[in-house]
Structure formats: structure tokens, C-alpha cells
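Got some structures for you, see below.
There are two complexes below, and they share chain A, which is joined by chain B in the first and by chain C in the second.
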Partner chain A sequence: MSAYLRLPERNRELALLALALVITTAGFAAVQIARAEAFAWSPLIAAALFALAYGAAHVALRLYLPDADPYVLPITAVLAAIGLIEIHRIDPDLARDQGLWIALGLGLFVAVAVAFRDIRRLESLRYTCGALAVLLLLATIVVGTEVNGARLWIRVAGLQIQPGEFAKILLVVFLAGYLRERREVLAAPARRVLGIGIPALRHALPLLILTGAALVLLVAMNDLGSSLLLFAIALSMVYVATGRLLYVGAGLGLFALGGLAALQIAPQVQTRIDGWLDPWPDEQGSAYQIAQSIYTIADGGVAGAGFGRGLILGANGDTIIPYAETDFIYSVIANEMGLLGAAAVVLLYLLLAWRGFRIATQADDGFSKLLASGLAVAVAFQAFVIVGGVVRLLPLTGLTLPFVSYGGSSVTANFAIAALLLCISQRANRERT
Partner chain B sequence: MNARIGRLFLVLAVGLVALIGMTTYWQVWARGALEARQSNVRLVYRDLEVDRGAIVTADGVVLADSVPGRLDGRDVFLRRYPEKGLAAQLVGYSSLLAGRAGLERALDPELTGATSDLAGVRNAFDRMRGDTVRGDDVVLRLVAEAQQAAMDGLRAAGGTGSVVVIDPSNGGLLVMASTPTFDPNDGLAGALEAPGSPLLNRATQGLYPPGSTFKVVTAASALDNGVVEVSTEFPAGACIETGGQELCNFNGKDPGEHDFGYALVNSVNTTMASVGIELGEERLEETMAAFGFFKRVPWDYPADQNLASGIYNRRGNQVRPGANVDEARLAIGQERLLATPLQMALVAAAVANGGQVPQPQPVLEVRAPDGTVMRRPGAAFLGRAMTTETAAQLRLLMRQVVDEGTGGAANVEGLDVAGKTGTAETGDDGLNDAWFIGFAPASAPRYAVAVLVERTAGTGGDVAAPIAADVLRALSGS
Partner chain C sequence: MVDQALLLLRIAVLVLLYLFVWRIARTAVRDVRGAQESMILRPGQGFDAVPVPPPASASAAPARPGRLLVLESDVLPPGAAVVLDQSEVLIGRDPHAQALLEGDGFVSARHALVRVRGGRLTIADLGSTNGTFVNGERIAAETALDDGDEVAIGSTRMVYEPGDA
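And now, the complex of A and B:
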């Protein structure tokens, strides 16, 4: 038993989790003080349950992945807490759901950590994962329900599930396995055309087909954000595997063409791009969301309004920015936590990406390296695209902010990513020590 | 592979740092400009934190006040209009979604305590300390009881119209009614869709042909310019020819031989038109300008809710004076001449006030939250429209209109009402815009009134004059 207590990595994790709990409790208390007319136990209970769920996940890591990276779990804890506090501030009912999703996500986290504590098990499932990913996306198109013009959800037993969030992970697993297998032939092709190496079609075809299919499916779902994210993941992984910028260039070219095509087919994309280039002429119409997002961010200033003290809800009780709890949660954070808090959140993603890539460099097999890189890109690039959208650095897309935005699929899928990263880290660290 | 992973991280790091850069841009660099944008709904929400002053009538009826409420965890003040539609267009609204209109907009600096005097400094301190900013209360000259009589009269007369009453000696706005009306407590969505455009303040935004009421202006011009005297004789005849067309008296009546005074009292078109021809366009338009025609009446009211009376072309644009109109038809209030009820009340007020045109003044006084009087506007005048002698002559003639002419229904026992009726055809068969303008008491006028009933089968004397009587009765308390 005492062996489980003398784990330097886990002890560091425990200390950081305690720090995260302090932030969580203080945040809930701040919202409570700012907004409630009377004292209520519910925020304290929420903080206690939050602590309990993370405590359980921590214990599971002590038992199954004792040498894994100590930073990943505390980073997710701070992000999830900030999200939960702001969602609670918007609507306590939504926060109750989100608390449940976080608990469920940590359950999945433990399950993945236990199931794939030997990460090599996953490599043999690469084609299954690829097929499953496409199947999930196909199912979304066939039986999916449309919300706000995008067909992203499947209704199962009264719950709305966003299969794209899980398909993303399955595709990363497939690409890691596939690229690990064909790395050499793709990197040093036998044929040369005009002095440029072109890989044999039979090596590149499955890659092209799967990635292409995923993209076509996403365009069919009218979801530019996921499409962009999957493309970035695929290109990053191909680059890490082969080191050939030619593939990256060709991929970017293809995506540009695809984007132009999407402009012709989906008017929604054109609207988003117009709103990105200049939201002000139509700020009451099609560019309403992005304009309100910018006003909300600017209003926060450097120090922010404080938890629960920003101007987020309008006279009718709804949020002034539509979908503040999902797509625009970063705008709410920037308003109430100011530049300092918003920058801290972005830096947490940078930190998480750094841990992910560090795990990738420490891993000693190609599959683990590619998998960790892909997963790190999945989280960091998703954060980049959605935050870039709400700060008008990029066109607005409907992605969630990992661990922070309201949404069961997003939260649970991202916890699965965290678990996979820790599984890879465990193997790397164990063999190192 | 590790070098490539490192480069990939670097690319992502640059992207993430760019997010911080962009956030910094909005929160530090662009913040001030964004906060000042009129379309930023946050401005309106910020205004809710001000305890906006009340708007009260001279007889103590609260037309608008603020009550504390909670909005998204902050203390705010919500606007209430206890009298609903009583003076909805004049008072206007201050609404989160629809912005501001009417006096709520015109008097906004005082209602929010944002004036540049001592109150402004005091409030700036309150704001810095985080205390509630309290605006000043505004007491109007409006008399609620008379306003109610006007609304009731217009409603009974068939729906759409307007009543304006001004104190001729100082411009005090005693009544400004417009129907149909709306309840500003219900938001504006319903009012925007409702028939009859209830948001429109017909007193200042409604343009109507003034018909025979305009003969007062023609008579003032003719007497002032020495073109006629009250006793100047005119020949008999039902019609005259002008501009190649026949111009006839009401119902084709021949008045017989008569003097100019008779022509005004009995609204003889042929005589007033001949006088118009003799006067010529330039002199008539000069008098009109002196009465305030051709430009917006300058008073404490939003400019876009305040239209200029004058001559309009078929496209609805104002024609500048000297645009070569038919002066015969202009002299009897036709020729695409359009006037607001407020302007016609000013015509009556100028006659009542010895020729001086008073400036409309809605405010009796502005009071700070502690009761200190911050402002009590005095009388102001827009200029002289006619000589004192002309005004005295017109007062007598207009008294005759009510005493023995078309305006009999405007009479109030013991008040000596004077006036002039008008009935302008709308072009729709059998539908007229019915007018009455006048003042009381004729010897020492305290009230100058204009009543307009839109699109009615009745005449000015039948429909508009009785409303004037009701309102004057309520004002004088008899």
C-alpha cells in the first residue's frame, strides 16, 4: 500500500489538484456572492462533488498509471472548473448537467486509463477505429438531427450525442496506426515525377480515402469547424510521420479548393466569412453573434468584471450572446476574468499541448509518438479555432472549447483524450526509469 | 520525429499566443471605441443602473417613473408609465430594446443627471463611488385632466386626431394629445403593427391641409400689409376664376355684398382668394415664415419627431418659399399646403398674444432629487407674426366665429371662446380633415388651442369645435 503513496509524479499531481480545488471553490463562492439573494448550499456541494470525482480519478491513476505525467489531469481540472463556474453563472440548471458530464467524463477517463494502460493494445485496433469513425459520421448524416443548420447530433434515448467529437479520436488512432505502418514508403517514395517523390497509390490511397470521406461527411453536415480541425490533425500527423512538407502543401491546396467549393454550396459559410471580414455593417443581423462576442470581450478589460459580475444575461434572462455556454464561453471568460484570466486559459491549452508533445517526444515507438501528437493537436487546435473565431482572428465556427464549453459529448471525449495521453506517458516514463 | 514534433508545437504555440494578442487588442486597444458605439447594447444596460427621474404633470399626475429591479445579478431601475397611453407620444419611452423617443429622449440629460452643471459633477462622484446615480425629476406644464378630456374627445369623434393647447403668454404646453395611442409599458412591438400608427405624434409629425383655419394667416398678412381693412367691401358671387380654374365657396354659396370681416367670420373662399392674389405669394409666405412655417418648430423635442409645416410637392418634399404657387388657393389653405396641429396652435397663440409667437415649452421646472429647483424655463418667443393692432382686430373677428359663425360648438359658458373652423377635403369621397383653432378667454387669452380630427364625415364646426370646448372646460375648471 505504501508503494502507492511514494509516487513522486502522483504526489505532484495531488498538490496541483488541491490548487485547482481552491480555484473551483473560490470561483463558485464569488458567483454565489455576486448573484444570489440568499445563501445556498448548492455551489459548495458542487465543489465537493467536483473534488470527489477528481479524487477518484487521481486514485485510479495511482493504481494503474503511477508514472504518468502529473500535469495533464490538474490542467483539465482548472479548465473544467472555470467552464463549470461560468456555466453556473449563466444558468445553474445547465451547470448541474455539466457537472454530470464532467463526472461521466472522468468515469470514461478511468475506463480508458485502465483498458489501454498498455497503449500497444490500441495499435491493433487501428482499422476498427477508422471504420468506426466513418460509421459514426455516416450515422449522423442518416439519422442525425439538425440544430442551427448543422447536422451534428444523434438522439439516443433522449440524449443528444455529437458523434463527431468521438470520431475525431478514432481517426487519430487510425492515422497513428496507419502512418506508423506506411511511414517509410510514404516518406521515401520509390517513384519520382519531375524530381518530386510521389508515393505509390496503394500506400496513400487508404489515407486519402478515409481523410477525404471524413471531410466530405463534415461538409455535408455543414460544419466547417470540425472539417478544419480534422484536416489540421491529418496534416500534422502526416508531417510528423514523413517530414515531407510537400504533403502539407498539397493538403493545404486541397483544403483551399474544398473551402472554395463549400462557399458555393453552403451560404452559411459565406455569411460567416463576411461577418469575420467586417461584422459591423450587419451587426444586428448575420454578424450579431460575433459583434456581441467582441463587445463582451472588450467590456472585460484587463482585470475583468469578476465572476458573476459581468453583463452576460439580457433583460429577457437569456444570454446577450446566443450560445454563450458553448461556442462563446471564451467571450464570457474574457468578460468576467479579464485579459489576465483569458490569457491564463489560453496558456493552459499551451501547457496542455506542451505536455502532449512532450509525451510524444518521450515515447519510444512510432505509434505512441504519432498518437500523442495527434491528440495534442486535437485539443490545442480545436481551442485555437474556436477562440480564434470568437476573437475574430478566424471565421467563426461552431466548435466547443475543450473541457470548458457546455456539452456532454465534448467533455467526455476530451477526457478520453487526456486518458490516452497519460497511457502513452505511463509507458514512456516506466521504460525510462 | 522529435524535431518535427517540436516544430509542430512551435506552430501551435504561435497560434495560441496570437489569440492572447487578439484578446489584448479588443480589451485594451479597441475597448474605448467599442464601448462608445451606439449599437452596443451594453450602453443601454448601463443606463438601467441610473435611477432615471420621474416625469410629472403640472397637476401632479406621474406619467413616468423608475422602480428598482434586478437584472442578471445587478440592481437596475425599470421604467414605468402609470398613465399608460395618456400622453404616450409626447412623453415617449425609454426602452432597453427600442431606445428613446419623445421627451424621454429630449430631456435625457436631465432625467439621467448627466447635465454639465453641479448635478453632473455630483453624479460623476456617485458613479465613481459606485453609488446609484439619481436623475432629476421633470415637472411638465401639461394638465392631466385637460389631456384626458382631449383624448376622450378625440376617441369619441372617431379615433384619429390631435389636440394641442398652449399658454399664449409663455408658450407653456398644456395639452398635447394624439390618437390612437399606445401603452409604452407593453413594449413597442404591438404598437408598430397596430392600425393607425399609434407611435406617431400627430401633433408634431402629422401634416394636414389646414383648410379655412389658414385664413387667419392670410387675414393677418392682408391687414398688416394694408391690402385690406376689416371694413373693405367685396362684391357678391359664388365663384371666381383663378389660374384658369373656377374657385367656389363652400356648397357654392353666394354671400352677397360683404366686408372683409364678414368674409373671415363666414369663411368666404372667393374673397380670401382674391385677397391672396392681391397680396401675392411673396408677402403671404413672409407672414407664414413669421408664424413659424417652413421650418421645424424649435422646442425641446426630438427633431425627427418634429416636422416642418409648409408647402409640399407630390413626392412629399417641402417646396421652398418663392416656388411660384397659386396664391389664391394658398390663401384658403389649399395648394398642397400642409401644417401640423402644433403649428396651427401657434397661429392661434400668436393672435391671442398680440402678434408675438410663443415658443412651445413643455417643462415647468426641473427638480433635483433633494427637491432643489434646477431649472425653471421662462417665456421665450419665436418672433412677431403681425402688429398688435392686427392681432386685436383678428381677436374680435375670431370671437364672432364662435359667437355667431361656424365655431358655435366651441363655446364654453363664461369663457368667451374665439376661433376659426376648417374643413379640408381629403380627396376620399365624403372624408374631411376637420379643424378648430382658437383661444380663450377672447379678451385676455390664457389658452390657445388647435384640434384636428382626421378623415371624418363631419366638418370642423361639428366635430373639432366641441372637443375644443371640452378641453377648455377642463382647463378653466368650469
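And now, the complex of A and C:
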């Protein structure tokens, strides 16, 4: 028994989780006080339940992944807590659902951690994962429902599922297995032109297929963000496998060229790009969301309006920005927590990405390295694209902010990613000691 | 009263948030500073730069350097030998490995470590994917080698020959 208590990595994790719990409690209390102008037990109960769920995940790690990275789980805790607090502030009913999704997500986290504590088990499933990823994306395109112009959702038994969230994980697993097998031929150029090694055509074919698939997705889903995310993941993994920037440059160039052509047949993307370049002419129309987002962020200032005090809800009780709890949660955070809070959230993603890359560098085998770096890119790039979208750095897209946004698919899928990273980390740290 | 409480909570959350970020970020600084050290300190690697001091007395001397003679391999020519002349010899695909088995897909970067322990030569698997075999059995723990023991790693089969014993 005492062996389970003497785990330096897990003890570090526990201390950080305790800090995350204090942040959660203070945030919930602030929202509740702002709403009811009085002390109430409900935020403390919410925080206690939050602590209970994370406590269970922590104990599971002690038992199954004792040497895994100690920072990943606490970072997800703070991100999930900030999201939950702001969703609670928008609508307590939504927050109850989100609480349930987080609990389910942590359940999946534990299940993945136990099932793949030997990460090599996943490698043999690479083709299954690849087929499933294609199936999910096809299903989205064929039977998916369009929300807000983009086709990213499937409706099953009254629930809206966003298959792209799961497809991206499956795609990373497939690419990690595939690229490990094909690494040598992709990395070794067949001939040189102007001093640049050009691979034989048949070896570059997978890359061309990837680019083509990304463009097809762009048109079929009518969403730049999702196709760009999947493509960025694939390109980054090709780079990790071969160490050749040529592939990244060629891929991006082809995607940009193809994207320009695809714009002609994907009207939604064109609207989004117009709203990005100049939202003001159509402020009340197609650029309404992004314009409201800019106002909301500006209203927050440096230190923010404070939990529960921001101008988030209109007179009729609806949020001022449509989809504030999902795509635009970052604008709400920027409003109530200000530039300081919003910057802290970006820093948290930076730390998460850094842990992911660190796990990748420490891993010994190629599959683990590729998997860890691909998963880290998946989370970090998704956060970058949606945060960039709501602050008008990039065209707006229908992606969720990992761990923060309201939504069952997003929350559970991201917890699965966290668990996979820890499985890889466990194996890497084991080998060192 | 409510406003003061809210202001206090707001400040508390921001301060705690940055405390949290800082507590994790400072380990990043440690990583960057320690990076070089941790790269050099791979098993066996440090001995390339720093010459091994000669053993002070005969009793401390390791068993005279033996060798692992290659019987069969996809990546090394038959008849090649891994000379065990350092106190630790790393076998694997890592460029810093003393026994480099480059191009063998069944060999991990840091696959196995051969070293002198308690006056005997031992081999330990470093958590490789496909295992290290001594006389046909996959080893779980550090295993002592005797004259004529057969070591298999990936496609390479080697036989241990002690020095002039």
C-alpha cells in the first residue's frame, strides 16, 4: 500500500490538483455570489463533485500509470474548471450537463489509461483506427446535419455528436503507425534537383492523397477549421517522421492553392473570410457573431469585468454572442477574466503542448514519439485556430476550445487524448528509471 | 460588501491561476538548463568524452574485455564483433550507441546495455519493444553472461566470448 503513496510524480500531481480545486471553488463562489448576492452552498457542492471526479482519476493513475507525467491532468483540471464556471455563469442547466460530460470524460480517461497502459497495444490497431476515422468523417458528410452553415454534426438518438473530435484521435493513431513503417522511404530522397532531395513519386503519393483528402473535406464540411486541423496534424507528423521541411512547405503550398480553388464551391468559407477581413460592413448580418465577439473581448479590458459581472446575457436572457458556450467561450473568458485571465488560458495550452512534445522527446520508440507529438499538435492547433478565430486573427471556424467549450464529444475526446499522452509518458519514464 | 467579496475572489483567482502556470513553467526552465546534461548522460555515452580511469588494482579490474561475436545479422557482416572494452556498452539504433544496429526495424534506439557488475559481465534490456534474448529466452532482469552464451537482438545473433581468461 505504502508503495502507492511514495510516488514523486503523482504527489506533484496531487499538489497541483489541490491548487486547481482552490481556483475552481473561488470561481464558482464568485459566480454564485454575483448572481444571488448571498452565500450559497451550491458552488461548494459543485467544487466538491469536481474534486471527487479528479480524485478518482488521480487514484487510477497511482495504480496504473505511477510514473506518468504529473502536469497533464492538473492542466486539464484548470481548463475544464474555467470552462465549467463560465458555462455555469451563462446557464446553470448547461453547466450541469457539462459537469456530467467532464465526469464521463474522466471515466473515458481512466478506461483509456487502463486499456492502453502498454501503448504498444494501440499500434496493432492502427489500420482499424484509420478505417474508423474515414468512416466517421464520411458519415458526417453523408448523414450529417448542418449547423450554422458547417456540416460537422451527426444526430444520434437526440444527441448531437461531433465525429471530427474522435476522428482526429483515430487519424493520429493511424498516421503514427503508418509513418513509423514508411519512415525510411519518405525520409530518403531518390534524386536531387537543385540540391533538394526529391522523393520518388510513389513515396510522395500518401502526402498528395492527404492534401487531396483535406481539400475534399474543406468543400464537403464547408468548414475551413476542421479540414485545416486534420491537415495540420498530418503534416506535422510527416515532419516528425522524416525531419524534412520540404514536405511541410509543399503540403502547405498545395493546400493554399487548392483552397483558393475550393473557395469557389464552398460559400460558407467565403463568408467567414469576408467577416474575418472586414466584419463591419455586415455587422448585423453574416459577421454578427465575430463583431459581437470583438465587442465582448474589448469590454473585458485588462482585469476583466469579474465572474458573473460581465455583459454576457442580453435582456431576453440569451447570450449576446450566439454560441457563446461553445465556439465563443474564449470571448466570454476574455470578458469576465480580462486580458490577464485570457492570457493565462493561452499559457495553459502552451504548457500542455510543451508537456506533449516533451513526452514525445522522451519516448524511445517511433510509434510513441509520433503519437505523442501528433496528439499535442491536435490539442494545441485546435486551441490556436478557435482562439485565433474569435479574436479575428484567423477566419472563424466551428471548432471547440479543448476541455473548455461546452459539448460532450469535445470534452470526452480530449480527455482520451490526455490519457493516451500519459500512457506514452509512463513507458518513457519507466525506461529512464 | 458583495462587491468587495467579488473583487477579492477575482484577484484571488487570477493570482492562483498564475501561480499554477508558474509552478509548471519553472520546470520548463529546469528542462532547458538540464537538457544538455540529460542528453550526455545516456548509458555508456559519457565514456566517449571522458576516458575511463584505469582500474586501481587487479581485484577491481573487470573481467578482461571480451567480445560479442556476430553469428548472424541483417545489418552487421558475419564475423564482426562488438568489443566490450568499456565498462558500459549500449546496444541499439541510437547514434551514440557503441554497438550500432542501424537499419534493423526490430531494434529500439536504446535497446540493451552490457556492463560489468560484481566482476561479471551482464546484459540488461532497456525496455525495448522486441526484447533481448539470452540463449533463446527473453530476459526480464539484468542477466549475467557466461562463455558461449548466445545473445539475440532483432535480427542479430551474437555469441559471448570472454577475454583471455
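Definition applied: the second predicted complex is superposed on the first by the 399 of 433 C-alpha atoms of A that agree within 3 Å, B and C clash if a C-alpha of one lies under 4 Å from a C-alpha of the other, contacts with A are read in each partner's own complex, and residues count from 1 in each chain.
By our rule, a contact is a pair of C-beta atoms (placed from the backbone, for glycine too) under 8 Å apart; a residue touches a chain by one contact, two chains touch by 3 or more.
The shown structure was predicted, so the numbers you read here are calculated from the model rather than taken from an experiment.
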Which of chain B and chain C A:354 touches, first, second, both or neither: both
First, second, both or neither for A:44, with chain B first and chain C second: neither
Touching partner for A:295 - first (chain B), second (chain C), both, neither: first
Partner chain in contact with A:138 - chain B first, chain C second, else both or neither: neither
Per-residue contact with chain A, leading partner among chain C and chain B: B
Which of chain B and chain C A:248 touches, first, second, both or neither: neither
Touched partner set for A:388, first chain B, second chain C, both or neither: first
Which of chain B and chain C A:273 touches, first, second, both or neither: neither
Partner chain in contact with A:108 - chain B first, chain C second, else both or neither: neither
Partner chain in contact with A:337 - chain B first, chain C second, else both or neither: second
Residues of chain A at both interfaces, chain B in one complex, chain C in the other: 34, 37, 308-309, 347, 354
Interfacial residue positions of chain A with respect to chain C in the complex: 16, 19-20, 22-23, 26-27, 29-30, 33-34, 37, 71, 74-75, 78, 120, 303-304, 306-309, 337, 340-341, 344, 347-348, 351, 354, 358, 364-365, 427, 430-431
Footprint of chain A on chain B - complex, ascending: 1-2, 4-6, 8-9, 12-13, 15-20, 22-24, 26-28, 30-31, 34-35, 37, 39-42, 45, 70-74, 96-97
Contact footprint of chain B on chain A as seen in their complex: 34-35, 37, 236, 239-241, 243, 283-284, 291-292, 294-295, 297-302, 308-309, 311-315, 320, 334, 338-339, 342-343, 346-347, 349-350, 353-354, 357, 360-361, 366, 369, 373, 376-377, 380-381, 383-384, 387-388, 391-393
Parts of chain C lying in touch with chain A, wherever the complex brings them together: 2, 5-7, 9-10, 12-14, 16-21, 23-25, 27-28, 31, 108-110, 126-129
